[in-house]
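Each in structure tokens, the structures are laid out below.
In the two complexes below, subunit A is the common chain; its partner is subunit B in one and subunit C in the other.
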Partner chain A sequence: MNGIHDMGGMHGLGPIDREENEPVFHHAWERRAFALNMAAGFLGEWNIDMSRYAREQMPPAEYLATSYYEHWLWGLERLLVEKGLLTRAEIEARVAELRRLAPR
Partner chain B sequence: MSDHHDHAEEGSPLTETELRVRALESLLVEKGLVDPTALDALIDTYETKVGPRNGAHVVAHAWADPAYKVRLLEDGSKAIAELGYMGRQGEDMVVLENTPKVHNMVVCTLCSCYPWPVLGLPPVWYKSAPYRSRAVLDPRGVLRELGVEVPEDVEVRVWDSTSEVRYLVIPERPRGTEGWSEAELAGIVTRDSMIGVAKVQAPARGGRR
Partner chain C sequence: MRRLLRAADVGQVLLKGGPARLPDDVVPRFKPGDRVVARNINSTGHTRLPRYARGKRGVVDRDYGVFVFADASAMGRGKQPQHLYSVRFAARELWGPEASARDVVFIDLWDDHLDPA
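Right after this comes the complex of A and B.
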């Protein structure tokens, strides 16, 4: 099955936007999302192909509308739930709790 | 604070994405699955220690030492390890040499595979839809867009990376660099030249450091 990630040869995706002196990460959360993916990968519950496959399950419209490390985050959540390391309910509960506590 | 598309609603300065990252980190740390100091160490490694200077060292060494270049082209991973660079996402390295007759460029159409030990983490444009889609469709057009004009009589080869095989391009050594030290050579090798989307330029006379 093909998918939105299989981009080789697609038309109409626009010009290439190359940033001068690009930083390794653009936001603090990207650092954490990257490191969490790596560290969780070291648990040995999945391999690199499984983590890429998980990211590829993102709905196509969402995939195109989100950034690279958002793909990583989405895939990581999916794998953690699939492997039973976290439940969907506890992730959503923690997100809601942090949203409540967040400074406004 | 609401001008950015991923900012959370209800006026919270934390975006939905930031909240989700924090939620995952706090849960994984609480369960003892992830050590926060290990996260900091990973970030430090990939932000400050691993990067294109490593690849520039490899290229400069290959330019300066023909026997090393032969080993590098024969077995990339092994020859790169001679210089101390190894690790994740660089286990199986293939090194490609640009010549006056062949121009190699590298892409990962499916995602973002890239030789981390020698180039660090990939830049955003490399992981972007425009580059991934068009590098294989119209490589000369992509090169032109990125400022590289490849003459018609030069063959362009596009290499699509996989999670197993990663590529490093040895760009052409510019004229006027005869007798330079390896450190001086490494100083002019850019990340993009090692992806194959830029040429290495020798600084104008007097610009040598």
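Right after this comes the complex of A and C.
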């Protein structure tokens, strides 16, 4: 699809930020988001190309305003709902619960 | 049938990976050195052919062998085994006469992305 992910040749996005000794994950949640993708992918309900296509469906403005592993999480949620493994309501209920439990 | 990934198996599973190379005997449409033009496709599905290369002329640099065609597999249309190539595009072909005369871009493209040029 002619989506926002296909950025080759676009101007105005600034230089690529190269980090010395870049860690694999910058935050603990990224490690978890990646592991969730691997574990859920292993269920065999979709393949690696479908998971790439899922991430490409993210609305362009949101895609540009979020980080790499946020794309992975968004794509995973989409596939889980699409394949009937979770409902959108179940995901939202869990997010609401975690918000309640989170320290303020 | 749903599979289950157990914590104890994670290392082995990740080491094994999920290769997209296929053993199928498929006749290649191109060989290294062939001049090709990338198709001007604008599919609403997944494609590995970047927009900036569509309609551009390049040269097949190498043939990797037979692979799952990602564009089809992403849309649930099966593996459609076909040859995958590294195709060389001159920077000037992609970005115009102001681009460097020395620079080139190598793009991994499948038979279904290409026509003879």
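Keep this in mind: the second predicted complex is superposed on the first by the 103 of 104 C-alpha atoms of A that agree within 3 Å, B and C clash if a C-alpha of one lies under 4 Å from a C-alpha of the other, contacts with A are read in each partner's own complex, and residues count from 1 in each chain.
What we mean here is this: a residue touches a chain if its C-beta (ideal position, glycine included) is under 8 Å from a C-beta of that chain, and two chains touch if they have at least 3 such contacts.
These figures come from a predicted structure and were not determined experimentally.
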item	value
Broader residue contact with subunit A after superposition on the shared chain, subunit B or subunit C	B
First (subunit B), second (subunit C), both or neither touched by A:L76	first
First, second, both or neither for A:Y53, with subunit B first and subunit C second	second
Footprint overlap on subunit A, where subunit B in one structure and subunit C in the other make contact	6, 8-9, 38-39, 43, 48-49, 52
Contact footprint of subunit C on subunit A as seen in their complex	1-2, 6, 8-9, 38-39, 42-45, 47-50, 52-53, 56
Residues of subunit A defined as touching subunit B within the complex	5-11, 13-19, 22, 24-27, 29, 31-36, 38-40, 43, 48-49, 52, 55, 64, 68, 70, 73, 76-77, 80, 85-86, 90-91, 94-95, 98-99, 102-104
Of all residues in subunit C, those that touch subunit A in their complex	1-5, 10, 13-14, 18, 20, 42-47, 50-52, 68, 70-71, 73-76, 94-95
Contact set on subunit B toward subunit A in their complex	6, 8, 10-15, 17-28, 31, 33-35, 38-40, 42-43, 46-47, 51, 107, 109-112, 120-121, 123-125, 127-137, 142, 145-146, 160, 163, 192
